[in-house]
Structures are given as structure tokens and as C-alpha cells.
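Two complexes follow with subunit A in common, the first pairing it with subunit B and the second with subunit C.
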Partner chain A sequence: TEDNMEALRQRNYGPAQYSAPNKHLIEHQFSPYVNNGGTTLAIAGNDFVVVAGDTRVSFGYAIHTRENNKLCELTDKCIIATAGMQADQVTLHKLLRTRMVQYKQEHGKEMSTTAIAQMLSNTLYYRRFFPYYTFNVLAGLDSNGKGCVFSYDAIGSFERYNYASSGTGQKLVQPLLDNQIALKNQQVERLEDLTEEEVVTLVKDTFTSAGERDIYTGDHVEIAIINKEGVRYELFDLRQD
Partner chain B sequence: MSILEYNGGCVLAMAGKGCVAIASDLRLGSQAQTIAFDKSKVFKLNDQCFIGLPGLLSDSQTFVDKLKFRTALYKLKEGREMQPSVLSHVTANMLYQKRFGPYFIEPVIAGLDENGDPFISAMDLIGAPVFAKDFVLAGTSSESLYGMSESLWREGLEPEDLFEVISQALLSAFDRDAVSGWGAVVHIITQDEIITRKLKARQD
Partner chain C sequence: MAGGAADCSFWERELGRRCRLFELRNKKRISVCAASKLLANITYAYKGYGLSMGTMIAGYDDQPQLYYVDSDGTRLKHDKFSVGSGSTYAYGVLDSGYSYDLSVEDAIALGRRAIYHATHRDAYSGGTINLYHVHENGWTKHESFDMNTLHYDVYGYN
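This part shows the complex of A and B:
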């Protein structure tokens, strides 16, 4: 009967039925965080930097959109790529864009990449006790025109690297970058620095592999290449499953 | 902390042209404490079959003894060696027998069947098997191993090239895992011979 079915449902699917001393006060817990998936990565070259992020936004097993931007151009020399919760990603990017304008008006010049790096850390730590669920990778050209990459945790701990990745595909991607860029566990030496074309090819191959095995990574990859001429974008297709 | 992560460790197997390779790290730990760096997770059952058993070491050792018993009995009854595909089914069956109190291991099987064709398979701790053409893996660095293998593996690798590919994939993957590493061992199995090599790795 209906009543029996309802009782059965309550018993099997109710949250705190087992331990609640009475069945009227049931504890619900609202979680402000969700992981919308996705992977980002950045690789620094001698006079350029390549940043990339996939364009899928997921919610559990569902896909919200295949056409999202994880990359945000802060200055013509600096791009931030963010994985994690999309709501915090867009808010953080909006905040940073605002700060760029304020800095330009106060100082009469664009913010340098290293200054942005420190500022991002401070911004994230400001929310130490209710963090942005964001895993950021900042990439750009430093004041000498050399490529630099900074990787952050959710509360602003950061370090400068030659390459970094974040997101659901980080565990798949990072060891490959260790092996192919830093040439770890290989007895070969690189005679010439990597060119832009080689790095972009590596980024595409890396995302293709990540897309195969990580369910949250796929659809397209937005790739940005920053060099002294400015920023150039490429959109690369991935599996849609 | 999951029981499968208590001892740490990982296993990777790949198929090549007329050959297979199976490799594991050498670390044995008790959570953060490293206890030994000579504990391979790969065991030879016969000239055709190798099995890697990452996970809880106690269950690894118990289970491999049971498998050695089963393969010896099979040889006596059938008068021939157990083929890797058969081993795969037997292992899956033995694991499912313990469905509600499982062995905390995730087997990886590699070998050549009697026609010399490569065979690799893996399964979860309750015996759900996967038969792959390219590579199979298990352990605490599984995601890293997926990333590396997916990028580095290609079809038709000869034994020497397969060795390079599997070594680079394993080394770079477990270097990003705190509870795996401390050296590695790789077995390359061909029709004519089995070559075992130890890899030089970061000792941390």
C-alpha cells in the first residue's frame, strides 16, 4: 500500500534514521561546494608560455555545458586558468579583472605577472576560512620576457614552476609533464629549448590522453599562447563522451 | 585511509608485438613508514603466467600461495600448464568467493598463451575482470599510471621498446605517489625468454 511504501522509503533512504533518537529532527547538511571537474595546464618556454584548459563543466555524471572558458586574460602578458568549482571560478576571475583595472588607474601601468601572482595568493588567503574551491594555474611572461608558471592550492599557497597542471586530470597529466618537459627518469639531455609548436603539440597529446581516462575532461581544449607579440588562441577538439 | 592504500605499491602491464611486460615498484610501507625496498608485487606462476598483486601485502602473499596451489593442481590434472586467460578466470572466481569479506588486492595478469599471443587482464578486489589490448594497471598511483600509459603506449612495440615504454610510464607515475616507489622491477616475457631488470629510481 502507499503508506507501507512510504514507510519503506523513509527507512531505507532517510539520512539520520539509524541514529536519530526521534524521527522528527533529521539533520540535513547543505554543502556550499561542488566539483565541476576539468583539467588545466601551463608550460613555460624561454620567451613564451602556453596555457590550456578543457571546456567541459560537469555536475556528477551530467554535463552542464561543453562550451565553458576556464582561461581568463588578465593582462596581455598574463592568463589565469582555474579548475574546481565553476561558481568560485567566475567570481574569482571577476574579482581579479576588477583589481587589474584598479591597479592600472592607481599605478598608470599594467600589473606585472609576478605581482599578479602574489596578489592572487593574498586574495585566496583572504578567504582562508571559507575558501574559493579553485585550483589555479597562473601563467605569463615575467618582466624579462621569460615564461613563468605559478601553481596554487585553494588557500593561496603558491610556487613558481616551469610547468604545472590542476583539476581532475592533474594526476594523469603531471607525471607526463615531469617525464617530457623536465626529462625526469631519462638519461637524455635537451640540446635546444622547446619551441612553441612542440609545446602546443605536447599539450594537445596530453589532453587527448587525459580525456580518454578522466570522465570529467573532454569536449574541447582552449589553448592560449602568450609571447612578445601578444596572445594567440587555439581551440582543439576532444572526445565528447 | 583505505586498506588498499596501507602498504602502498603499484603494478603496470603492457602488451607488445609477440611479447608482454609486467612491472611493479619495490616499496613496502606501513602507511608513512617505509619498511622494505625489495618487495616486488609481481609473481611468476609458470613460464606463461605472471601475476601482479598490489594492495594489502598480507592478502597478496596469502593469495599467491593459493594460486600456486591451484596452478600446480591444474598441471597435475590437465597435464599442461595453466594459460593466462584461464588464470584470469580462476582468479576472478576465487575473489568473488570472498564477495562479502574480500581479499584487498587488485590483480594484474600478464602472459603469453600457447600460440604466443600476448594476454593481459586486470580485475578489482571482488573479481570483475577487464581484458585489454593495450595496458592494465592497479595500485595507489593508478591515475598517474593511466595518464602516462595512455600517452606513451602505442601498438606493435618490440620487446626492447616495450621495456623503455613501460619503465618510463611506471617511473614517472610512481614518482608522484608518496607510498609507491623505492625502485622498480620489470619482466619482459617473449616466446624465447623472460628478461627481468631492476630500474634505477629515486629512493624516496
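This part shows the complex of A and C:
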């Protein structure tokens, strides 16, 4: 109705043709980027590392799929988990897989996790002026067999951490990990290092909490555990709402 | 290096590569002047592209030298610089305590204090304070301090 349209125009809701101050000249712009949502995290132990990512792909308020893999196994000691735009995630993983093969053929050995970490940074920076809309967490065992986690921004700035998270649920997950792994903001002391089982339980609980409050996180969590025996996967169910 | 993290880490690593190439081609170490100019020429080439870098190149060839290089393409030589979002706070402390004849020990204490005050007042600065002393035999890393520890335990603010 005319009253409704007037109200919409005043509050600037509704499609552009009703809410624009000028109803005739409307500027359209193609945006190459979209955020498909999702959360990833990784936690390093003394001789293992746990990486996880939810499996939901969103598009605005809709769900494209509940069964997507954010994790990519680069070597038997290294996994990358990527949140952000699914198209760039898939392209980036494809590129990295190719580079793994090329390195193996040229050097006769697998790339070390620290070398992959630097290579990913360079790969992201090469697209400095049209970035991959990806928020990466790289996790693996370093050359001493110790767990390591690297967290990246979209253009390749990276740093090694004991634990990291990224994606739409990062703001919910990171403070929880700060509290439970680094024991921040509480007067508790840890007597022994966390075991693999304890970390996996923590990861499941963390994703359950993130799935409750973040609308883009849910469906399933794909968890990968890397230790000296190799890589082991677990699929954990989350709320589908 | 201050400003964009990815820009700084990428181009400073590239600068390291270029300096190494200089050594291999010329069989001598590159001068601080030349190294800083390499970086400045790169940032000038990318002027207007949106790089964000505020850096200092500190070195010792025949004498200690300090250059400031930023993403506008500016390159300046001076004895004292402070760079970044908290630089104004650091300048306040630095300028009140500085003299050219400062001893190494006093200079280290002054530098640490200047950064500490910047981390305290600037929202974008914080965490750990690292300190390097550059001298004729290279560089020495000094003890890192968590800014919080300095605040409560060392400087005694409560």
C-alpha cells in the first residue's frame, strides 16, 4: 500500500527501487565476494595437533549444503582449514595441492609444515590487490614432531600459535580457547598437558557452543587428529537449525 | 615495521632477499643507505596501490645509521624515530629522555619505556615488547617483556 511504501522509504528498508532517495538512478555494482560462513579451529599438543571445521555452507539466510569439507590434507603431517568464501577456499586448496605435488617431484620429499606455512603466506600475498576471501588456519607437526598451528589473515600475514580459530564463530570460539587452553582470566593451574582425548572433547564442546549462537555454524564438525601415526578423522553432529 | 602486517612481513622478507643477492653479486655487505633505498624504491613503485607500511631500517656499517621508510615512498635519515599508531606517545617519552651521548644501557631502558607508554595509551598497540641492540658486530636481542608485567611489577603502577 502507499502508506507502507512511504514508511519503507523513510526507514530505508526494502529493495532499492522503493527506498532510494532518487527512484530513477540506482547504482549497481558487481561484488565478487560473498561470505559462506563457517568456523574453523586448531589446537596443538606436544606431539599431536587437532584441526576442526564445521561443514555448513551458507548464502545469506539460506544453506547451500550441510556436507562441505573445509579441511584439506596437504601432507600426512599437515592440514589446512579454511573459512570464508567457499569458491576461494576450493581454488586455494586446489593450488596448494598442486604445489605439494610439484615440490615432491622437484625435491624428492614432502614439504615440511613450516615451509608450507611460508608458502601459503606468499600465495595469499601474490593476490594482494584482489585477495582470496579466505581465513586460514594451518596445522601440523613440525620437523621435531611437535604440534604447530599457524593463523592467517586474508592477505597472508601469519604467526605461529598453540591454538587458533577463524570464521564467523571466531569471536565466540577464541575467548573460550583462551580460557580453557591458555587458562587466561582465571586462577587455575594445569598440572599435566592436555591429552589428545581431552583436546578432542574440548573441540566438540566448543563447536556445540558456537553452533548455538552463530547462525552460520552448525550441521556437522569434521575433526582431524594428526600424530606420529598419521591422520585420523571424526565426524561430529551439530544442530541443523 | 608498523602498519599492514602482511605488507610489512612480505616486503621486509623480499628486502632480505634483495640484500642477499647484493652480497652474492658484489661480494660485500650492503650499506644501510642502499638497503633502505631498495625498500623505498619498492614502496614508491607501489605508491597509490594501498600498501600500508611504516618501517625503520637500523644498521651499522662504518657508523650506526637509522632510516625511516614508509608506504608513501618517504625515506628519511635521522638519529631518532618512532613509527606507528602509538608513535606520538612513544615520541613524548623518547624526546624527554634522549641525548646523543646516551649509554647503551640507558638507551635500552628509554626505548623500552617509550614503547611501554605507547602500548598503554594506544588501543592498537600492546602485548610483548621486543628490543634489539644493533652494533658493529651485528644485533643482539634483549629480554622481551609482556607489557602487563612491566606495568604492574617493574614500573610499579597500581
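The rule is simple: the second predicted complex is superposed on the first by the 215 of 241 C-alpha atoms of A that agree within 3 Å, B and C clash if a C-alpha of one lies under 4 Å from a C-alpha of the other, contacts with A are read in each partner's own complex, and residues count from 1 in each chain.
Methods note: a contact is a pair of C-beta atoms (placed from the backbone, for glycine too) under 8 Å apart; a residue touches a chain by one contact, two chains touch by 3 or more.
Quantities reported herein were computed from a predicted structural model and do not represent experimental measurements.
Superimposing the complexes on subunit A yields a three-chain arrangement in which subunit B and subunit C fit side by side. Touching more residues of subunit A than its counterpart among subunit B and subunit C is B.
Once the two complexes are overlaid on the shared chain, A:67 sits clear of subunit B and of subunit C alike.
By the document's definition of touching, neither partner reaches A:76: not subunit B, not subunit C.
Contacts of A:128 after superposition: subunit C is touched, whereas subunit B is not reached.
When the two complexes are overlaid on their common chain A, residue A:153 makes contact with subunit C while staying clear of subunit B. For the overlaid pair of complexes, the smallest distance between C-alpha atoms of subunit B and those of subunit C rounds to 6 Å. Taken in their complex, subunit C has these residues touching subunit A: 4-7, 9-10, 49-50.
Looking at the complex, you find that subunit A touches subunit C at residues 121-122, 124-125, 128-129, 153, 155-158. Subunit A meets subunit B in the complex at residues 169, 171-176, 178-179, 184-186, 205-206, 209-210, 212-213. By the touch rule above, subunit B contacts subunit A in their complex via residues 143-144, 146-148, 150-151, 167-168, 171-173, 175-176, 201.
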